[in-house]
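First, the structure itself, so that you have it in front of you.
Chains here go by letter, A, B, C and D, matching the order in which they are written, and residues are numbered from 1 within each.
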Amino acid sequence: MNGSVGVNVSAATFATSQVLVLVVLSPLLIGLMRTVRARLEGRVGGGVLQPWRDLRKLLLKEPLQAQGRSWWAMAGPVLLVSSSLALCALTPLLGTVTFPSLPDDLFVVVSILLLGSVALALVGLDAGTAFGGMGSSRHMMISALVEPTVLLSVYALSIPVGSSVLSRIVEARLDDPASVLSPVSLLALLALTIAVVAETGRLPVDNPATHLELTMVHEAMVLESSGRDLAWLEVGSWLRLGVLLGLVSTLLVPWGVATDLTAAGMLVAVLALVAKLAVAATALATVEVALAKVRLFRVPELMAGSFVLAFLAVTASYLVVQG
Amino acid sequence: MSETTYTQLLQLSAGLLLLCAVLIVWRRSLGAHIRLLAVQGWALAGLVAVLGLHEHSAELLWVSVLVATLKGVVLPAVLARATASDRTRAREETPLINTTAALLAVSFLTMLAYLVSRPVLALGSTAAVAAVPVGMAMALFGFLVLSTRRHAVSQLIGFLLLDNGIATVAFLTAGGVPLVVELGVSLDVLLVVLILRVLTSRIRTEYGDADLDDMTELRD
Amino acid sequence: MTPVELALDTQLVLVLAGVVAAIAAPPRLRSLLAGVLSALLGLAGVLTGAWALAGRHGVVELPTALSLGPVTLDPTPLGGFFMVVAGAVGAVAAVFAIGYASGPAASRTSWVALAVFLGAMQLVPAAGDLVSFLLMWELMALASTVLVLTEHAGRAEVRTAALWYAAMTHLSFVLVLLGFTVLAHAGGGIDWASMSRVDPTSRTAAVAFLLLVAGFATKAGVVPVHVWLPRAHPAAPSHVSAVMSAAMVKMGVYGVLLVSIRLMPGGPAWWGAVVVGLGAVSAVYGILQASVASDLKRLLGYSTTENIGLIFLALGTALILRAHQVSAAGDAALLACLLLVASHAAFKATLFLGAGSVLHATGERDLDRMGGLVSRLPVTATAFGIGALGAAALPVTAGFVAEWTLLQAVIHGGRPHDRMVAVTMPIAVSVVALTAGLALVTFVKAYGIAFLARARSDGAAQAHEASPSMRAAMLIAACVVLILGLVPGALAQAAARAVGLPAGSAVTQVGFTHLGARLEPLAVLVLVGVMVTAVALIAKAAARKVPRREVELAWGGGGVRASARMQYTATSYAEPLTRVFDDALRPERDVVVTHAGESRYLVERVQFHQHVVDLVEDRMYRPMLTLVERLGVAGRRLQNGSIHRYLAYSFFALVVVLVVVAL
Amino acid sequence: MAIPVTVRRYAGVVAAAAILCAGVALDVVVRQSGPVTALGGQLRADALSAFMLTVVGAVGLTATWSGLRVRPNPAPTNAYAVLVVLFLGAMSLGVLADNLGVLWVAVEATTIATAFLVGHHGTRRALEAAWKYVVLGSVGVAIAFLGIVLLYAATRSAGSPTLSWATLDATHPALDPSLVRLAAALTILGFATKAGLAPMHSWLPDAHSQAPAPVSGLMSGVLLSVAFYAILRVQAVAAPVIGTGLMRGMLATAGLLSLAVATLLLIAQRDLKRLLAYSSVEHMGVLALAAAIGGPLAISAALLHVLGHGLAKSSAFVASGWILETEGTTRIEDLRLLLRRRPGVAVPFLVGVTALLGLPPFSLFFSEVAIVVAGVQRGMGWVMAATVLLVLGAFAALARRVAVIAFGSSADEPEQMSDSAPDWSTPGPRFPLGVALGTTAVAGFVAGPFAAVLTDAARVLGGAG
């Protein structure tokens, strides 16, 4: 009984600290990526703290709502940000201790992610304008095509471990570092990365900095939101990016993640996470500079490619297990 | 009556029956058909009489009289009246298959008749049994006439030929069927012919002549 | 008399009472009386099923005139599970119908047919032998055909739908009849006990299995024999669609389970592969068609095909895994199959009833003409929303639990002893994943276009909320979706008992101790709830400082006053998907451009028309029907009216017989 | 010779009712004390005869009673009244005769009695139908007579000339198998003509479509079944001598061929009454298959099928007569949206067709299922597979054509027709149709004495297994 209380306490600690760390870090991450990009393009940029400043401004502004919009305009953003927060709490970015009654099952993680996507898509639809619907439609199409890749790469990662619980997978990787570099793992992670890029609306799938409505995906959905509604939508998306980047980098470089609750371990874990995220964000931003947004109807090709990678990973995992 | 005479008479009437049947297939004139049918009726009556004499059966002799009246007199008369009012088409002009083909079919059907009569022939080697294939062949010829002649009366003739064939088989194999059945059968045949006769004249009023080719309104 | 027997007798009496009430009651009371009786009938079915699940026995026999033996009703735990599902759906639909039925749907015929339909349907799983099964099966088919025909006087497409339905359902009957007959022959008796003596590895068993699976698949609406389904569902009144989709097609699933789990357990692995194949094709094809459909009930119909596909997939996986002795994962897959059955029943009933309520309120089935209903039909919107969540398999609904179980089963099936496992498992996961993704789009579209934004037609603008019985029915169904999603343990236990698995789940969770996987949806709800509360508190605090302000105009990309016609419609929403899956869907597009005057560049008007046909129907059935029709016309020549030809037929027959006898 | 109007009107009904009463009484008597004979052994009622007599009476009552035309329609003509009674009498004689020869005479007598009934309307089409009916029917039955003659010859050469099946069954004379083969084949072929089995069915659609509706109902409902009864009798007589192989082959072939022909011609059928006629061909095909299967289950199912088909088909034909009377045509293309416009005639028609489609609760469902079960049990799996597929085809085709009549086609604009109120009136009494269809619906669920009668009747043919 004591043990289970202890587990619950340490799980709660990890979850809370993950939420706090990511809430603080995610806007900074966006700021970092924008800055890196600006520097590479020869601009000065708004600085790493600019997203935080934007957020403060939005939260203090008066939200405007057009006639005929439903309560969803208000509820959707809240749901999006909540789902992102739940993701932060669930994903083992700092420690692999989880609540016994709430394992960080990958399918649960993915479903909460999708819950956020749906919330966002409905906000776009509720706008009752051409652009809102357009963004929503494109967003959902991409989500639909991403999901096979996500689930299949998750599947590939779970087969060697025999579990779909993320913390088990991370622990297994910590125990057996060689498995990180196995072909199964690399293929699956590559596929997962593409999926993450698509799901979070980065180049080449969507241009987060676009001002041309016809090419928008994410931006088109939030066109009609303002004030704190917009703030929630932005924070929600940033958090998703943070969590997913963190997840991919943790899976790729599992070291630093604590397996039990100690102050030192926690400190190391936080620092490692910051470092991993910074590297990942910088890398992503650097790659993005070199990329142009592809046509919307070329996106399926990209998704098909990632799907094939994931499928190869699964097949490979069977071969490995069999051999 | 000696056995030889019996056999000869039997064979004579059987031969006459078959000859008439072949001639019916051959000829095209309705008048000739009716006359041949009458002859056949008498031949059949003769056959029955011969059988009756041979078996000393009074019943068969009475039946022979019945057959002679019905098939030799009444039915041909009914048919003759049916054609009498139709001088314009007293011939079967274009049967569905030409005479040569019909005669070839006749030879094939005769072979078939002998083939299928094998079980009957196995019953015994009497003269009566040996003539059974003739009856079978007549029945098959009747069917042939029915399905290849266009004139309504021709179909009647075919039907009667078929019936004669069956009667022949009946008398040759079993000396007929029980009398009650025999009477019923005769009555039935008579009634059928009368009905067809009535229908023929109605057809003639409705269609102008008795060509069955016009009667294809009921189709899918 | 055991409780089960009493409950079975009660059902028979209630069917008769429902029929009598429908015929004899005055028109004003008819719907109320017959509806209440039908709902009681459903409840009696639930009760019987529950008792049977609990292991109680009882046999009720009805006499027949032939020496085939009496009609035997003898529910088993497996049948009990399906009786509960069918009874519950029937009861909810009957309650809904009290308020919903009007015009032809409230006629004597319709209520009689509904009572018979519900009764026969929930007695199909109770049948104890071939004759009683087929009797109930055909009664169910006949009554449902009558119900599909309800609106024949008002809509021309109803006739075609009913005809397709009648023909396909009879095909199903014929195949099932043949299959069971073969089994009965091999087993030496027409009751299940005799049939279960057949060796599942024999050739006879294989023939029977194929026949039966084909027959049951037809009833279940599996591709490529699904063609009746997307037609019949929009044609039938909504409460009937709900029953057909949520419960009736499950009888096909019951049939396959009956054959592969109860009568012939331990069949070869290829049986599973056949079922997986059917399921995979149906799931993907169904959801693709659903994602581009704009008729709400057609969309829901295709979604049924998808879900049945998933159910088949789960069942097939279970069969394969069991055949390869991966029994833990196999059991999980079997459990997933039953969970999918129950969850689909719950959310599809909710969705069809919701669609009925929308139809009732707006007179529209076309999504392109709906919009903004969330404020006008709050109850319907809530219920439909919960149903849609379930259909999209998102937490915390029954659909999520079921799909999670299926994925766990597949993941833990990953200890391949055989190439078949190594091939089918990844395919199964891919199919589930693609299906889940497309289901998400489909139901975001359905909910978002219908209920959010602004009204796209006058009907939608003047919608009004439904009557109390309809609201109650929808809410009950929606609650079931949530309850099954939140505390799935009880359901999982029942399902485990139905297929004879050791019950290992606690009441609030689904879990497999031997697989090291567990799911406690309540905890997920708490987690998300905590986050929502936190954010909502912050938002509330902010709102006190800076309140929300309503403006007249949407920004709309900086445009002028945006008309409701400028909104995205269901068709435009699905347009990207239609393009992506162009090869699989082959939509017919028609663009008419009217130019203004002489200029090629000035366009006066553009008309765009797009129609997605059912490719299977178009490519497989149309040519077949054309051929048959030609054959029928050519066949008329057989009877060309010539008496000579007819005599020649007889003559020919005579000669043939003579030759045969002579030889 | 003028028969009083009342007598003319009700003669058929009274005769049919009498036959029904006699049939039921015989059922009871035979069940208690075994077969009954009369007229010096020429007539003999065993369980099978009694059952068939009951069917003749029941179907006859349905057809004649519901075929009564309400006043002020003129009463039927003298000839019509006399011929209907004769027709019923001939069929009763047929099922009661203990003698193949008398049975043959009775069957031929039905041809004679119905010839003018078929031609009753006096139109060119009616005339054509009557001609075809008489010629094809008589020729077919003549073949049967040839077979009977040969059978008689066989018994004669075995030393006991007889055509009585009671005698044959009791004495089992040592008949010559090869002769009996020929005899049985010819007899079955001949009676198959009257039973409407393909390829000798050609008279059937023409005669059924032209005869007055009650007569069509009688012909389709019982005349075919009486001929089928003759086939069963011949089969029972011949089977102990030659085994079942040949007859099973013939009957199965004829059955499948009938199903195929019926399905083919149902697909694009243009006439309502011909539609029902081909449905009869289909059902006779099913019966032929049941006879081919043999055995207690198949035969009792076949007898139940005879009853169900008789009642349902005569009801459907009477209803089609009402349709002809109210709509003035039986062309399917001209009969649209009938359920909307004239539910009074459309509902009984639809219920009848539903029964004919073999759907429960109607007894045809049970009999068809039992026949298939019996067929597979007897190792005729492939034949049964072909059977059910053809039945499926016939089902779809029939349902499709009937749907056009009842609901119109997709080309119809339903709104066009909706201005007039639905017409619930019928040109004849509804009650007998209700009773007939109700009987069909419950017959499958009645055990007790009824099931025992079926079993006994099937046992009479026990040797045919």
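To be clear about the criterion, contacts are C-beta pairs under 8 Å (C-beta built on N, C-alpha and C of every residue); 3 or more make two chains touch, one makes a residue touch a chain.
Computed from a predicted model, the values in this text were never measured in an experiment.
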Tell me, please, which chain's centre (mean of its C-alpha atoms) is farthest from the centre of chain C?
-> B
Any idea how many Å lie between the Cα centroids of chain A and chain C?
-> 35
Let me have the rounded angstrom distance from the C-alpha centre of chain B over to the C-alpha centre of chain D, please.
-> 32
Roughly how far is chain A from chain B, going centre to centre by Cα mean, in whole Å?
-> 99
Counting in whole Å, what is the centre-to-centre distance of chain A and chain D, each centre being its mean C-alpha position?
-> 76
Taking each residue of chain B in turn, which ones touch at least two of the other chains?
-> 116, 118, 143, 146, 155, 212, 215, 217-218, 220
Would you please write down the residue numbers of chain A that are in contact with two or more other chains?
-> none
In chain D, which residues are in touch with two or more of the other chains?
-> 128, 131-132, 135, 139, 181-182, 205, 265, 268
Interchain contacts (touch definition) - all pairs | A-C, B-C, B-D, C-D
Footprint of chain D on chain C - complex, ascending | 62-68, 70-71, 130-131, 134-135, 138-139, 141-142, 149, 152-160, 162-163, 166-167, 170-171, 174, 177-178, 181-182, 184-185, 190, 628-629, 631-633, 635-636, 638-639, 641, 643, 645-647, 649-650, 652-654, 657-658, 660-661
Can you list the chain B residues touching chain D in their complex?
-> 116, 118-120, 122-124, 139, 143, 146, 152, 155, 159, 162-163, 165-166, 169-170, 173-175, 177-178, 180-181, 184-185, 188, 191-192, 195-196, 199, 202-203, 206-207, 212, 215, 217-218, 220
Chain C contacts chain B in the complex at 635-636, 638-644, 647-648, 650-651, 654-655, 658-659, 661-662
Interfacial residue positions of chain C with respect to chain A in the complex = 291, 371-372, 374-375, 392-395, 400, 403-404, 407-408, 410-412, 414-416, 422, 425-426, 429-430, 432-434, 436-438, 440-441, 444-445, 447-449, 451-454, 509, 516-520, 522-524, 527-528, 531-532, 534-536, 539, 542-543, 545-557, 562, 564, 566-569, 572-577, 579-580
Please name which positions on chain D make contact with chain B in the complex.
-> 42, 99, 101-102, 104-105, 108-109, 111-112, 115-116, 119, 124-125, 127-132, 134-135, 138-139, 142, 145-146, 148-150, 152-153, 156-157, 161, 163, 176, 178-179, 181-182, 205-206, 209-210, 265, 268-270, 274
